[in-house]
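For reference, chains read A, B, C and D in written order, and residue numbers begin at 1 within each chain.
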Amino acid sequence: MKIKIIEAELNPWQEMEHYQANMTTLSGKFGATNIFVGTMRDFNEGDVVTSMTLEHYSGMTEKQLAKIIEKTEQQYAILDVLLIHRVGLLLPNQPIVLIAVWAVHRGDAFDACRNIMEALKSSAPFWKKENLIEGSRWVTKNTQGYQT
Amino acid sequence: MSITVRYFASLSEVLNKSEEKLETTTALDIKEVWNQLNPDKIMPNNTLVAINMAYVEMGQTVQIDDELAFFPPVTGGAL
Amino acid sequence: MKIKIIEAELNPWQEMEHYQANMTTLSGKFGATNIFVGTMRDFNEGDVVTSMTLEHYSGMTEKQLAKIIEKTEQQYAILDVLLIHRVGLLLPNQPIVLIAVWAVHRGDAFDACRNIMEALKSSAPFWKKENLIEGSRWVTKNTQGYQT
Amino acid sequence: MSITVRYFASLSEVLNKSEEKLETTTALDIKEVWNQLNPDKIMPNNTLVAINMAYVEMGQTVQIDDELAFFPPVTGGAL
């Protein structure tokens, strides 16, 4: 299990390739990987968003994410988790978060990945500030993952 | 002997501070800490509170040397 | 939308990087990507599996996968889908299938990806034959994605 | 004038053939095609059938020049 909070740009595919190449003890043991990548959009609530600043509570973030993953591991039969979240200044089309879950069966991989993502949104101490064409605003509404 | 108090995101902007210390020789409850440090500000209804980087309920007692944090609802992940 | 049936080894991360680099019209428009990767295990039903042969009905496979994706697009607000499935001889730890779904919101990405995967398993004309230490056997039981 | 008939996976192994043609001047129903080509074999209960690469029910009629396929339940994707 690995949790990383990074300021540098996030390339989810390179991270996946690298992490999985080092998962040698699980080679041949997992049948399912579910991955979620959240990416910065250039619009929100009808406005153009030019960039975003992601603040976090360094220290608590890592503790809270570890708690979320441990709880998820108790709930689902999963083998490994990789979670990377960016902080600092983000530009549109840049990935914000990567969550990857490895399991023997696909049901656990899907459920656990979604579960981690929902728990992250509701309890990990990150705050987004959107920079608009004029001015900036804190994001206050946390959309539900189950809406369409 | 003191309690470290931290504020994040919009709450930090509104209060115009991000960290301060409250000198105290006794444990205090969370609302007392807020009221001593922010006597003229009402704590927003949706404020979240953590002690030593773990969420706590508003009724919790803050011990000497604890780190107490106030912050608005979190908004990480993807939209 | 892209569907590929390949005999060569599948590198999901390179495929994702390459496909997304060419999704220029969607740049800044998607907020969520959900990806499923199915990987060959070295065990199944208590036996060591040394390799696997994946047969398919060339022509019908592509048609059936396109139908599945079109139906999913009608059901969920998704922006793009990439689906790659291997056929031929596979070795343990090699990826079998990649399904990636891009959407504005994460709920749609998760739901649609899972939906495509379940529909693929129940209706796309692929058949697995497992090669064991002694002999080989056709896989007949299709596990449910919702089991734990 | 004929119908092309294909068999896949375990069914192809059991029957020891993967493709054949049935000469006919009229449309036939699926079971007739099977019985003419495999007179001594009972079609397995879980056999799936496609005409021109689309799933059909067993009661469907096969037209001349159609491609008819018989196969066992599919097992693609990940376990």
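We adopt the following convention: contacts are C-beta pairs under 8 Å (C-beta built on N, C-alpha and C of every residue); 3 or more make two chains touch, one makes a residue touch a chain.
Just so it is clear, the structure is predicted and the values come from calculations on it, not from any experiment.
Any chain bridging subunit B and subunit D, meaning touching each of them, is among A, C; the list is complete. Computed centre separation for the pair subunit A/subunit C is 22 angstrom, with centres defined by C-alpha atoms. Averaging C-alpha coordinates per chain places the centre of subunit A 26 Å away from that of subunit B.
Centres computed as Cα averages put subunit B at a distance of 47 Å from subunit C. Each of the following residues of subunit B touches two or more other chains: 77-79.
Residues of subunit A found to touch two or more other chains are 31-32, 36-39, 41, 104-106, 117, 143.
Contacts between chains form some other arrangement here, matching none of path, ring, star or all-to-all. Going by the touch rule set out above, the chain pairs that meet are A-B, A-C, A-D, B-C, C-D. Subunit D meets subunit C in the complex at residues 6, 8-10, 13, 50, 53-55, 69, 71-79. The touching residues of subunit C, counted against subunit B in their complex, run 31-32, 104-106. Residues 36-39, 41, 44, 54-57, 59-60, 63-64, 85, 96-97, 117, 120-129, 138-143 of subunit A touch subunit B in their complex.
Residues 11-14, 16-17, 20, 27-43, 76-77, 92-93, 104-110, 113-114, 117, 143-148 of subunit C are the ones touching subunit A in the complex.
Residues of subunit D touching subunit A in their complex: 77-79.
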